[in-house]
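Going in written order, the chains are labelled A, B, C and D, and every chain counts its residues from 1.
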């Protein structure tokens, strides 16, 4: 049942430590089958080395578990809130990767300092508001998702496939689990470079709108010309 | 004699260089059998590659050696002082891991900047007082342990399984040798992220009490809901 | 057809991730056969693991494709502009390597802080001007090359086999594809050390002209005495 | 002829890239047979992968070559000056390891910030004076050695087995080639930690004399009690 989805989600989770994005079980990737309304996600607290497609937890979009005995990731309500609100996404990734988490902990957006960033994000990587005490105490993981959705009121999730949750860390997404993972790898590298950039020049500002447009749009949208025609 | 304890302590020591926590012989892990009152610890100055369970040194809680000819780690009196005072711990780890040691050398507690930290430590990672000349000159390693115990007068070692010894480096602990090692791995990653956080925003303050409670208590204590019921 | 050139260019591209200079397809190396006027370059968006000499794209110096169906790197017009203007070079490399890119993003030349730098570059690693909106909107990649050539109006490309494109990242070159790659490896290491240098001492100035001359000229030029006579 | 010495020196050189101290041929280790007055050193510009004991160059203390056709390292006159002046040393190592080189480029001694440092160096890692134009232009490599020897006028090379040459990088030494290499590994790690320490607390001062004495002397000298009696 949903074997392909579970295998894809399992594979993406197993890649997390290989990209130095996580230690122990500090991250999770999910994927969704939109036609069936089924989400597949890592079980909570299970080591990546022990993951198999059969251990991947299946749920509906309301969070009802559809299989097995393992608990899903404690971050599941955040993932589900993103799937419910960002219709175009097919995979979500959450980690505590060091550089992106440092920006989230510093409560700073990642400015678009260069073309590496502009190739993937159409502006600064957004940061959520600090959560209120009330939002933390009740339905915390769901409210984390709501904070992200609120931040995207005027942003297109397709143009910004990443967010920093203040005091916490990054979530990324894409067309499937593998793309969500790739967005996390890119975010971490971008965050590392941005940290080094402000170390060299603390007053450095973002690139121009013209350069941002050029790089983002040569890879994304109808006039893209990067890569091979497929 | 105490074969399992020695094997567990040997294994945890061998893991130290694999987690990039030590070079040469810059660290040691111990474990205790509380019912027998026996502590097992790495021999002093022996390379990790050469360690075998048979080379692990056994001592009673007063430091009397129970086996073999190898000297125990020169840090043994510190380990013993922790076992004598922190009744709930079963393993202790000491390293000079780079980021945690940098905080210890900078004589700064590690503030709780985010949920990564809050998942493991119920507040800032504490720092001992700088030791007096007298405490250094006589029974230095024992006094290092006393400085840690003094710092924990109002702290629960179960809620803070790590400390920074000022001008020196970290000690961590847990329910056994393996858990003490894991706490060291977590501390080093937390210290790296905290360093990057203050590089991005030197004025960043700690997270709120509500967020600290939420993350610490969802993994620890009777209402924890992270991971699998076991 | 041009099998050796294609193999050399393929090999240099495959080395990029092994030197931690790129992730995904974030970089490209080219080489030129000057007598035939043929440039060989990486195809756009193809993973390094999938590269074979047969997939390397051949072009003339005006950018006309001479073989196959794969598109060349989107940075090809920059490479070609360098070959057309720097008569002595036989290979070009472009990456988004983290430290060199950070200097480019910070819009700072890399000062010559030490002999490591002076062994390879006869002064600071130059930085291009920020590109105008007009230059970005039309023939962007060609204009990137023109910005580099303009910056070298009074510099000898043989003495400075590297440049930082402002807001973007590094280009390097050499006598062939392999030498261009080596210059990128050296640049990245030099950029890392320079970043650490200004972290330790933000006011550090460059080395003296005498020391620069000594180190650069003991490895380069007619009186060089480093290495083996060949 | 001097097979053991050549093998030991070859082995130490081969270890340099494995400890991430060098790329390409950016470092060299030598050793001396004091009774024979013979120094063995890496040939200049040869890749570590290509080194064999037979390629190691032998010289007398005046720099006269005793074997083969390969040129010795261009840094040979510096090594020889150290052997002539520091009677107790049996091996010398020179690299451009990133963190130690950054301190040398920043023209700063490495303060003794903690016990990691105090376990190996009996105070701050010393820095040479910036060399004069005259000293650079004539017999540069010899004068580099003289600058080191001058800096040690009031220091014991056995208590400080490392130096930073201003604007250049580190030299280390020990009782043989292997010990010189180990001192370089320790120096690089110490330099990394010191860099992180001042990033956290730019005003951090050195540890007390009492703590320095305790740690240095528990590992060195007649009352040492670290390690195993041998």
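Everything that follows uses one rule, which is that a contact is a pair of C-beta atoms (placed from the backbone, for glycine too) under 8 Å apart; a residue touches a chain by one contact, two chains touch by 3 or more.
This is a predicted model, so every value here is computed, not measured.
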Kindly list the shared contact partners of subunit B and subunit D, in label order. none
Angular offset of subunit A relative to subunit C [C-alpha, multiple of 5 degrees]: 90
Among all chains, whose Cα centre is located farthest from the one for subunit D? A
Copies subunit C and subunit D touch via same or different residues, half shared test: different
Per the C-alpha centroid definition, the whole-Å distance linking subunit A and subunit B comes out as 33
Measure off the straight-line distance from the CA centroid of subunit A to the CA centroid of subunit D, and report it in whole Å. 46
Overlap residues in subunit B, where contacts from two or more other chains coincide: 198-199
Set of all touching chain pairs, with the criterion as stated earlier: A-B, A-C, B-D, C-D
The answer for subunit C against subunit D in the complex is residues 113-116, 182, 185-186, 189, 192-194, 196-201, 204, 207-208, 210-211, 214, 218, 225-229
Residues of subunit B touching subunit D in their complex? 23-24, 26, 43-46, 70-71, 74, 96, 98-99, 101-108, 130-131, 133, 136-137, 140, 167-169, 195, 198-199
